Each structure stands twice: as structure tokens, then as C-alpha cells.
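Worksheet: the structure to be examined is printed underneath.
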């Protein structure tokens, strides 16, 4: 501990980095950032922008980059993205920032950041164009956790030939995340055809009864196959679960 | 009208038959039986046993057989079936009575009854064994309306080969009723493969969230194919809708 | 296949048309367009604008017109309609474009397009003015599938004389689509009066408990008549189901 | 007050009667009986058997008959009815007891009881046989409040001729209670045809989505007519509301 | 009929008036207006603006004033109100127009209109300020039907003294409409204190679980008093039901 | 720790007691009993019989009495009560056992048990007879935690005089638990009249929409007073929360 | 009373103050303000801005400050805050106004106002940044009732070390309000660790199934600990309940 | 194929075995058994007894054992278990049959059956005794798929020490299945402490709002950790998902 405090005194370590090293979390104006999450739970901490003000999101992103050399922000809209970018420009002007305005995520990394690399592949599968938002979020976090992502898009069962054409590609993956909105039939059909673990990701498409992803969610929960499921649009959760399995596989393959 | 009343006076017509002929319905102790339904709406009147006492069901069945030479009773349990049979034994001892204790229906016909015969075929399709109850009810009423029924069972999508093996048989039908519980994916997959009208019939299987057929119903309503749907376990409704289409086809084929 | 590829090489066939001919679907920047859907499932493929960006909708509409000489877009708002029209102006400047800003659909056809013509009539019935949106969508797709559409409007049961005045017109149709919001009583009353198949179309009117069409949907599912049902506001689905029945009738009448 | 206490001392008044006269309620072993309810709120107090033990129901019924010369018990099953009858036999052996085992109510009156008589008529209307339970409960309480009850049964809209045949009879009533289960369309149709106040009474029939009366309730709440509504199966509430209107009319007619 | 057509030919009667006189309804560009509703069902026809375009609302309002000398529009927002006023300015420049921008209704009457006058009083009661919107709608229609309205405001049970202070005023009315949001306890408490018929009007206040009026509605349906109920915010329905009772009382008092 | 183990060796301490002393919990065949709960969280551990077999309940009750000299079992039916009593007869034949077959709880204590005694009073209030089950469970646990319980029964607001008569008694308590089913208005009315903390306890009475206590729960959550709430029928939770407040008051009064 | 009226005549007392003193409430243009609430029910009256117009809120705030020297407004947006401030500037120019634009409350006090001071401490605990809104509302009202508030933020269980680090601080409080959104696990974990009464405050975070705080609410209601609960986002209710307990403790400590 | 048919002819292969080998499924009187499921989808086919008659279950179990030397039946009650055992006694008298009457499963294997053996460990974790049913079902199927199961019971978070004591054991597993009913907090807490993939298994305990496992399910879906989830009580699905991950790990470890 003395060493850490010496580094702070010498200016080699920011107070946030020191707090993160000592307590496992860093306190910003907008709350605490769980800098130790990746070590402890195997999953990088991300900032969920929903329910926070742009300033709070920027504060937490800044703390993230200070303590872990990377900031991952999800579900942020354009004005929040602007606020975050401005803050990062100030505190980490040479950071690389990627913003996906379709899947609404932003990732910034400093040059000091080293992304892990796992010997495992995750397939991210969609039924149609409308599944892009959560599928993109899932792919992002799988990549940030270090696994290889393969996108297999537009293979919805209303046109079963497309699904069947894709089977070989699906079998090549170690884990699959299968997104589907509306009636959510795709994950069930895929799970009947391949023997890799599948995480069903319901998507908030559809209107009327069972709309907003509720039919897809309940269909996935009722599936007579071996699916596990995450919440509607919870691409981040699907991705981290797939990432944890990839970590186990990478470990087993060493 | 005079003729009818003369027949009653002469004992050639029962009062119930006379009322049915004059007013379109017959009054029993348990309520009115809509004897004119088949003429007016194309669908034979049936007695739904749910929510009625065994005696009420028997009264209505007796009136049915008196006025139309046939009684169709649905959703009746074993004790009600016994009460109905005893009543029918009294009033129409030579009637033919069929009771299906799996699909819970009973049909009685006198020798005077002539079942219609339609030049049209209806496929009744199930995903698995648990769909038997409403599928049986649907098949019954299609047959009573005069169309040819073909059963195509156990073709659920968890084992997609079974589904695909069945496609040619499915394409041979004029109309399909496709039953499915749990996640209800089968009707969507079938509707993507064949170009005949399909009526989705959700089945009250499944437990937990979306159980009792709710997931199947909302999945069918959300389907991105051209399905129409009936309520959970509403085999009778699916069957009558298919029967009405069969009547139109039979008429067109003349 | 060689022939197709020769045509591409010669510039007589676009790559999208070639892909559609070979694989049954065409890939655009925004996903795959199921060009073979009409052949396989009897229903023209349409682009559902909900949940897609204007650019994605325009991409898919462009692919549709390239591969099938027609683009059908549903549930599109005014800005998306503008984007689509601009794209179609570029790629198919002589196409005929119809946009219905009440029912929110757009149909474009090139001069090469030949709409099918079916010997069958579909009645599209509304209870009141507020049912116009999904009824218009249903009528559109029935027409695009080639059947004759008759609109029978404003016959809600609160003023029963209007309903009864309409009965003869209703009986003249081969199939009926009956739209109704609020308590959704119209389809049940109509189904008690006519012997043609009826597809109930619940409409998202009404506020408070059972609002947004939920009361109408559950009422239609509970109806003691032979109705089948589609989801709330699902005019497209009601129309395609009616269209499939019309195709069977047309076939039977040949 | 002294007078009352003197009567108790003299044995002319039971303690329960005295408590009722002084405090407005009488305390039994099973809770308090609101003996003053009829004076204060115009509605006789009844004992709802649901959620009480047979002994508690009997205690409250005994207190009712002691303090008001009448006991009304609703929603009681056969064993509870037996317990209540035995208790009443003990404490009021000459009371007249009526038990309706279809609508599950029991009414006992001593010879001292004088039922009110109102110059007002209430029609109790049902769509079909299955509506008998709550309709019977409604009719009971209207009669106990003193109005004239007319039953108009089996006029469901699936057979619209029956409904229309009944219109003249419906128009003759001062108030209507219209019961309906399943899709609950009858009250809306009737309210479009007559100009008397109507209380819609949803009935817990129907299975699947919207079953157990939920579709009927939400349909009645969504009705575009002037209906008011009570809860599913709440025949007692419908009856008391009609009875209160009847009281106002009787008063106005004096 | 000849007389009516002669009047049209002579220009003394508009085509809409003639259609209303002959068929009971008048057809505008936006649908049919049920001009005979007041005669048949005792309730003036009103135009519900929800789900219609401003132009459609204006069309229907114009037809209303042409055929019945009065137009009642409910749930209209400010832009729609402007469109309606402009249309009425054109076709009936001397009509009196009242617009309530809190309760969102508009009433226009020509000088030829004679409002009915009933010998009956209706109390419209609120628990608090937030109940103003539907209470105002209810009061409007009661007045348009001709009964006397008394407003009794801000008597919510959280401050029981206010409720009890109001009891004498409540007992003076022939009928009460009691509005209440949140937990909806006021109608139950009032119904325990007075012996006039009460219509409970749940209001869409409240957030979280049971918010938007759902808790109030279910509380009113569960009330152990003699309440009848209308849907959440359905001031118009509560008002017409009260108006129908007032008509019966007025008739009885003659 | 050595001391404890020596006692086990000497037979002065059962293994369960030793485990409880060392680890805070004791392991039985049916799971762990949280013997340290009262020390840590201020609330005695109880055995919830729901979802356990009679044998499992008896195992846990036996462990409870072994480690804490008291066993509290809630929501147990008659056969389970018999199994528990038999087990307790074996292992603690001189224990005092109380079983309440209305509120479905059982408490056993050995002579070594010393119940705490708190200087604080808790009022347990019911609206009517049907609230007895959870009110009895709440009263039980408050007594077992050592506070004084006063029962104030049958003061429902449908008869407001009863409620107001009770106000002085209610104001004398330190804390109130107010049970109410159906529309759940009582806690709101009481909270407007007294200034002590109130815990609302919804009761699973009522049928139809909002039945089974759902209307009462949502009404309590929506109340515009300072109520806190527990789940439907959760008398145990209401009682422990009241008990914790009583402990704080007892501590403050020392 | 004479004294009060003399003061009004002399101009020493406003009419609102006089009405408040005499009747317990004061009438403004926008409704009645319950000036006696704090005396009667122990809780200061506040103005809930939801569902009221800015002018109505300002009217009620003005009446509040006139009659009690303090105005508390909750759930007000920025434009309403501006309207309220302008009104207060007019009628009480020297009042101190605090506005929290994150938790959306405004408190104004005149120099004559004396805030109570209670010898009791309330901890307001949050799981994360998104809980700030209702936690701030709860803290506000606890302070206005006079208890000491300690904020313990960002101790969510996903990073359990943060929770455990906070335990000692939590045990130091007399009462805890624990806010939590999403899955709402924090209050259960805390309740297992400390022996003070805890009020769970669910927060409307989270999307998909169980979003908007519904999962947190149902989780808190299901908790196997001694929690009581308030509605989603009901910081005001949680705060007043804690404040009432604090008042009892303050009283006991005297 | 000829070889197979020869074997049938020779009596070396039953017709069911032959059908399974040729078509991938075997047809019994009660439906088809998906004998190829394990090869294709990695998961052994099991017979779900819910919704089937005892005879149907026995038929399918017999076919299972004929074609795969093993029968797995889930969710079967005692009478069904008896029927199945009797049938197995007939057709495979030397099979080993295990029946778990707490978790309601039955497994039979012939001596020819070789259970797979995977180099991977799965922890099955419960919060309390009531989680035993689905946890037992999960453990069963994991074992049948060949992985090592470790049970870690009774570590619910209400007694956090128990949870923390278990952490090291939890970290030793490759995958965790964490069951929890009521508020379902355990999986979230565990997922914050360990870095292995976790499958949350909600359990149908709990009464009142959110009861029957709905609160647990929505809490798990809302969890801010990397959980995936299966339906309420879906131990079989949780187990097969864990088994598929175990297969991947076993493969990677080779």
C-alpha cells in the first residue's frame, strides 16, 4: 500500500487509480466505478447511460479510462455521446474513441490498453435487420473480452432455406448468441440443429399483444431446447455470458 | 306455419322441432339451442360443457338431437359424459354416440342424420403428443362439417428433419390447422414453407412465464408470416374456421 | 445457373436479380430481401419499416424493386417515405409510386410488373373512422395479391341498424376482414349473421383498462363464433391470410 | 338509550339487537354485522361467505337475523349452507329459508320481516346458460330490496334474432342488468337499442387469453355506449346498484 | 319520405339532414354520424377525437351541427380544436362554441338548438385537483343531457374531515359521479355514507405499480359497497350513465 | 471454540447447538436453520412451510428448538402440523406447543426459552372477518419479538362510524399494522387520522379483476399517505417490521 | 374563533390562514391545501406536481406558504419550477427557495418557519447513480420532518465488498431507506446484516421484462427479510414513513 | 440401410431401433421419440410427463429405452411413475430404474448403456430447502450428460455469511447453476463474486405479488451481472445448457 501512496505523491498514479488499486473501486462525482470487476467477476465494467445525466456518464467514463485505460459506455444517445467525447478529449486526448450510433455504444481506449485475446469463437446471429441494435451491443462486449466474433445475419425462419444454409457456419462456433424479435422462433430452430451452447437474445421489435419483445422472451423461456436466455435487448448481458464461456474455453485450451 | 302446427298436433313433430323450425331456436330447461346456426352462419351449433351443470348439458344435447338429429358436446368431463349418454339413451335409444375421452368431446347422431360432404381437405398438424386435446377437437368439427381431415402429427421444429419430411404432405392440403404449445414456433416455420392458408392453434402446455399457452399465443400473433390465430386450446374455433373455408372451396369446385 | 451468370456478365441481370434467382433471396446493405417468398409461401415480401432506419428501408425497397419489380413498404412515417421515394427515383425513375399517409404504406411498381388477378372477393369492414389505418393496410395487400376488395365502412354495432343494413353486402363476399377497436363486438355480430370465413382485426383504439386494442383482441379470441384473429393493427397479416384463401378459391374456380 | 337497556334487562331485546340499535352494528363471535347499513346506505347488509369459515358465516347469519329479521348470505358452498341452516334452525326455528344451489345464495327471514316494495322494475338479462350464477345473485338482491325483477334469458348476439326479438321487453324495464361472459358483446348491443340505464355484469366464463371474465370486463369498460360496469361475477353489486336506482324512482313516483 | 326529398330539392334540407332523417345516420367524408342516437339510446352522439385526424374530427363535427344543431367533441387537443373551430366558422358562423382546454372538450350549438331540461340533480365529486379532467368531461355531458350538475371538489379521504363535511351536500343529489385516482378510496367511503346510486370514475393519476388509474379501477371494482364503475378517465361514459338515470327520474317525477 | 467442542464431547451440547454457536447456522437433514438471525438481524428465524415437505418442516423445527429453544412455523396445513407435533413430542416432550389452525402457525418453546419483553405497543387492525389469517400471523410474530399486541377488529370503512369510533384506540399504539383486502381503503383512511407509523398489510380476499389481494396491494402502494406496505398475506413480514420498530423504541425508552 | 376573525379584520391574518386555522384546510383557486396535515397525521403536506398545470401548482404552493410558512413541491419539471418561483417571488419575496433539478423537488420557507428537530437518524442508501432521483426526494422530506439524514451511496451488491464496507455505517442509523432499481437485491442483503427497520424503495430503472422498477418492487415484496416497501420511485412516501418512526424515537428519547 | 433391415428381419434390431437409426426418430403409439437428439443437438431426449397421459409417458419411455438404452422422464407424478415402471418391467426387466419423488424424475438404463464422462464440473447451488425440486432436476441431467455435479445448498443471501463461506467452493466449478425463488437475489450476489459462467434458475416459490417465481425470474433478467437465465422451475433446461458448456470444455481439454 505504501508503494501506491508513494506513486500518488510522486504524481505517477492518479488518486482514482490509487483508490481503484486499494479498494477495488474509484469514486467520481457521479458515483463509484467498479475498477476491479474484471479481475473479480471476469467481466469488464461498463457504464450504462440509461437513467444517468450526460455529465454523470462522462464522469464515470473518465474514471473508467483513468483506472483501467478503457471506457465502455452502452445505451447512450447522441447528445450524451458528444458530452462523453468532449470529456475524454480533455483528459485523454490521445485515446481512440469508437462510437456506434446504431447500437448506441462507445468505447475509448488509451494507447496503454491491451485488449485480452482468447482462443474461442462466438457467433452472433440475427433473424433480420431489426435485430441489429442488441446484436451489435453483444458483439462489442464479446470483442472487448477478447473472443473472436463472427456475425451471421438475416437467417430468420420465415425463409427457412436461409437458416439451413447457415448451419455449417453455426456449428463452427464455440458459443452462439442468437437474437430474435417478434415471435422469436430462430433460437429454438437453431438449437435443434447444432450442439453448441446458445444464448437467446430477445429483441424489442413487434407491436400489439406480445410486442416490445415480450413474445420473443416468453417464447425463448418456453423453448423445448437447451437455450438460456437474457432480458429483452440485453445484448451486453448476452455478450458477457458468452465471453465468460469463451474465457473458460481459452483456459481449457492452454 | 299452419303445417308445422298441424304436425305437432298430429305428434309428427316435437314441440322443440316446431320451435326450431319457426323461431330458429329451441328452448330447453337449460336454455335455448340455436338450431338454425348451421343454416345462418355455416357452423353447426355445439354445446360447450364448461360452466354448465351436467343436467343442463344433457338438456341442451337432447334438444340438439331432437331438432337437428345430431348433438355435439365439447369440453365435457367423464361424469358429464355419463349424464349425457343416459339422457340420450332415453330420448334417442338408437342414436350412435362417440365419446373421445382424450379430446373431451361427444357426438351423437340419429339414423336420420346426413353428414355433409365437402370436396376439400384440411390438415390438422401437431408439434407433439401434448397437442392432442385441442387438435382432436379441431379434427372432430372439421369432420362434422364434412371436409376430409388428414392428421400430421409430431413434427415439432426442435427436430427440424421431422418438419421438413412432412412438407409435401402439408402442401397437399387445402387448409392447415397447426397446433403448438410451449414456444409455438411450428406454425411460423410451416407458414414459411407452404402457400395454403394456415390457422394457428396455441395449446395450453408449458409452465412458468408464458406457460398455459400464453407464449404460444403471443408468438403466433407476432409471427412474421400470414397466420391467423384462435385462442388457446380453441380447437372448435380453429375447426369451424377451416370448415368455413372448406365450404367455400367446395362451392367453388362445383 | 450458367445462363444466369452469363446474363449478369452481359449486364442483362443485376447481381441482386441473379442472387434472387439462385438463392431465393437478395442481399442489400440493410439485410436480405426474401425475393422467393411469393413463390414459396404465396405472399409477397414486404418491408416493415418499424425498427429500421430510413436508409435501411430504402435499401430493402430498392432491392425489392430490382428483384421483383415491386416494393411494398408498411408502417413507414413521412420522413422514411421521403427517403424511400428519393432512392426509388434514382434506381427506377419510371416506377409508379403510391403512398397512403393515413394507412402508412407505400407501393412502387415498375412498368414490367404484372399484378396477379384472382377470381375472388374480399370484404374489408370497419366499425368506425378510427379503424382506417389497419383496414387500409389490409386492403392494400389483398389488392396486391390480386383479389377484389370491397370496403364496407362505419357499421359498428352501437348503431345496430347500420350493421344490419350491411348484411347483404357482407354475404356477397368470399372472405371478410372485420376490423374493430374498443370492445371489438362487430366481428362477433357479423359472424353470427353470415356464413363466410371471417378474419377479425383488432384495432389499437381505446384508452384506460383494455385500451390500445387489448380488449378488442381478447374479445375476438373469446368470441363464441367461428372467427380467426390476427394481432392488434396487423392489417398486413389479415390481408395476406385473406389473400391466401382467395388464391385457393381462384384455383378452385378455374 | 335507557329504554333499550331496560328492554334488554327485561329480555325483550337481545343484546345483539340492543347493540345494533345503539351503535349501528352488532358484534358476533365472527365479527361485526352492519345492521344499520340499509338505513344509512340504502342496501341490505349481506354476509359474503368467501374467505370465512362455515362457523363464522353461521355466526354472522345468526346475528343478521337477530338484528334485522333477515339474513342474506352469498357465495356459499353446500357444506357452509348446511352449517348455516343448522344454526338458523336453532335460533330461529320458524324462519323461512331459501337456498339457491346454482347461484349459491341463501336468504332467511322471520315472520316479523317485512320486505320493502318499490314501484320500479329491473330487467336481468343473460346471454346464455353459463351466465346463470351471477344473474341469479343479482336478481335475488334486487328482489330483497323490493323492486320487481324480470328475467330475460338466452339472448346472446351470436344469434342476433334472439336479441332483437327481446328488445321490446327490454325497453319496458326501468333499469337493466345485462350479464355476459366470453367476449361480452351483449351489453353493448343492448345499450345501442334501448334508452334505459344499463349495468354491465361480466361473467367468469371463457378459457385461454381473456378467460375467466377478463375479456368481458375489459370489453364492457371499452364499450362506446353509456354502460356502467361491476366486477366479474359481482351480481350482488349489480343488483344493489340497480336497487338504489329503483329506490330513487319509487321515491320520485310517489 | 317524399316530403323529405322535396325539401332537399327545394334546398330547405341539406342532404345530411335528409339522410339523418331517413336512415338515422349521416355520412360525411370522415365516416357516419349517428344522428338518431339520442332518440334511440337516450344519449347524444359525440365525436371522440382520439385516433382521428383533425380534418376527420372537423368533418364529423360539421355533420353533427348540420343534422342535430349541436356538436360535442371530446378528448381533442389544441390544434384539433382550432381546425374544428375554423370549420364551424365556415358552416355555422353564428354558432356558440365553448372549448374547455383543461377537460379537452368542445361544444357548439346553433341558435336553433334547444337543450333538454330534466328535473334531476347529479353531483360530480372529486378527491383532488388532479381529477379535474374527467370530472369536467362528465359534468359537460350531464349538462348537455339536461340535468343539474353540482360540483363537490377536493374531498379526498386522506383528510377525512373534508369528506365528512361534504356528506349533507352529497345526500341532496339524485345520483353521484365520484372521481378518484391513486388508490381510489373516496367512492367507497362515500358509498358507505349515502343512499343514492354512485358511479365511480377512476382517474389516470399515480405512478409506479397500479399507476395510470389501474389501482383506482381495480379498487372500485373490488369495493364492498354498491358502486358501479366506468373505465379510467371515462368521464363521458359516467356522465351519460348518470344522465340516463336522470332522464328516468325526470320521467317519474312528471 | 475449544469450550464448545468440549461440551459436545461431554454431551452437554448437541452437534446442532455447537454448529449454531460456531457458524451461526445449524444443518439439519432438510437444510440449514439460521440460528443467529435474531442476533444479527433482530428477527427470529421462522420456518415457512410452503414448498417444503412435512418431513422437511419437522426437521427444521426440530433444529430450531434444539438451537434456540423455540420453533416458529408459518403457513402450515393440518397434516404438516401433525408431523411437526409428533417430531417435537419425540425430541422435546416437555415443550409447550401452540397451533392456530385459522392463521396456520405453530410455536413451540421449551421451558428454557425466555421470550423478550419490549416496552412498546403494536396495534393489529382488521377491516373485517376475512382478514383474520394474515392478521393473526402478524400478531403472533410481534408477540414472539416481545412487544404488546392490541387487536382492533372489524373497523372497515364501508361503515365509517366503526372506523371513527376506533381512532382513539389507534392513536394509543406506537405502531400500527392495518390489514385490508378487497379495495384496501382502510389503511389510507387510518393514515389520514393518526400520526403513528403504519404498515399496510393487503389480504388475498376478493374475486374477479384485482382479486386475490392485487387491488388492495396496488391501492396501498398508490396511497397518498405515509404508508409502507408488505406483500399480500405477508403477516410475518408486517409483524417483524413492526417488531423491529418496537425494539428501537424499547431501546430509546431505556 | 372570534379571535381569528378579529385578526382577519385587522389584517393580521390572511383569509387562507384563517380558513386553515378554523377548518384545517385552505382553499385556493386550484383546490384545497391540507394545512392541518402535519398536526393530524404527523406528515407535512406537499404539493405533487404530476397531473396539475403549472398555475395550479403555483396556487397551491402559495397557499402552503401563506398557511404554514413552508411550501414543499415534488415531481415538478423545470417550467413548473419557474412558474412556482415567480409566484413565490410575488407573495413571499424574502422566502428561501431551494430547487433540486435532479430529484425534482422545490422547498420554500419564510423566515418565520421553524423546522422541527428530531433526535433520530435516518440512513438513505443507494445501490448506484441511477437511484439518485427518489433517494433525493426521500432525503428531502426526512430533513423537512427534522431527522438527521446520512447518505450512503453506491453500495450495490454486484460489488459486494462495497456493501460490506458500509455495514458499520448502516448499523449506526435508527432507520434505513434502501433504494434499488433493476433486480433490487440490495435491501434484502442489507436486511440480513443489520437489525434496524428498513424501508425498501424500488427505483424505475431497468428495461425489458420487469423494467421500470417492476422487478425491484416484486423482489422487495418477495424478500425473505423484514422489509417494508413503498411504491416505485415513491421517495416521498419512504421519507415520511421513516420520519414518522423518527418522531416516535425522538418522543421515546425525551 | 440394407444392413439395418437385415438385422430387423433377423430379430437383432427392434423396428423402433431401426426407425431411429434410419430416420432419427422412433414412432410409438404416443408420438415420436427423437432418438437422434443427442447426436444432433448434444442433449439427450427426455420425456416431459406434463400434459401427457400415464400410458403415453410409458409408451415414450419404452421407445426411449429400446432405441437409446436409456429413458429420462421429468415432471412425473407418483401414479405416472408406477405406470412407467410397470411398462419398463415388461420390456426391459433388467434395467436399472431410479425415481426421485422430490424432484419428480425417473431414469432407467439398460446394462448396455454407457453414460458419457466429461472432464468438467458443474456446481448446482440453492438458496434454501424450497429450491430442491428444480435443482434436483438440473443435477440429474448434468450427470446424465456426463459432467461432475457438486451440490452447494442453503447459501441464501438473507444470511450472507453462508454465501461468503461458499465462495471458494463456487470458484472451483467450471459452470454454476444457481437456483433461487422469492426475490431471487442469490445469483446476482454470486455473479458479483466469481468469474465462471452462471445460469440463473428461478424457482416457483413465493406467494402474493411476484409469487410463483415471477419476481425471481424478472429479478434475474434485470440483474446487472453477466447471468443467463432459464424459465421458472426449468431445471432440465438449466442442466442441459450447463451440460453443453461442459461438453465444449471437455473437448477443449482433450
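By letter and in written order, the chains are A, B, C, D, E, F, G and H; residue numbering begins at 1 in each of them.
Following the convention adopted for this analysis, a contact is a pair of C-beta atoms (placed from the backbone, for glycine too) under 8 Å apart; a residue touches a chain by one contact, two chains touch by 3 or more.
Listed by chain with UniProt protein names: A, B, C, D, E, F, G, H = PurE domain-containing protein.
Because the structure is predicted, anything quoted here is derived from the model rather than measured.
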item: Fewest touching-chain hops separating chain E from chain H; value: 2
item: Number of steps on the shortest touching-chain route linking chain C and chain G; value: 2
item: Chain A and chain D: spacing of chain centres that average the CA atoms, whole Å; value: 60
item: Approximate Å spacing (C-alpha centroids) for the pair chain B, chain E; value: 44
item: Distance from chain H to chain G - Cα centre to Cα centre, in angstrom; value: 50
item: For chain D paired with chain F, centre-to-centre distance based on mean C-alpha positions, whole Å; value: 37
item: Residues of chain F touching at least two other chains; value: 40-41, 48, 158-159, 191-193, 208-210, 214, 217, 221-225, 231, 234
item: Pairs of chains, among all present, that meet the touch criterion; value: A-B, A-C, A-G, A-H, B-C, B-D, B-H, C-D, C-E, D-E, D-F, E-F, E-G, F-G, F-H, G-H
item: Interfacial residue positions of chain C with respect to chain B in the complex; value: 40-43, 48, 174-175, 191-197, 199, 217, 221-231, 234, 237-238, 240-241, 243-245, 247-249, 252-253
item: Chain E - residues contacting chain C, complex; value: 23-25, 27, 30-32, 34, 36-37, 40-41, 48, 50-53, 56, 60, 202, 204, 213-214, 217, 231-234
item: Chain F contact footprint on chain H (complex, rising order); value: 102, 128-130, 153-154, 158-159, 161-162, 165, 181, 205, 207-210
item: Sites on chain E touched by chain F in the complex; value: 156-160, 164, 182-185, 188-189, 191-193, 206, 208-211, 214-225
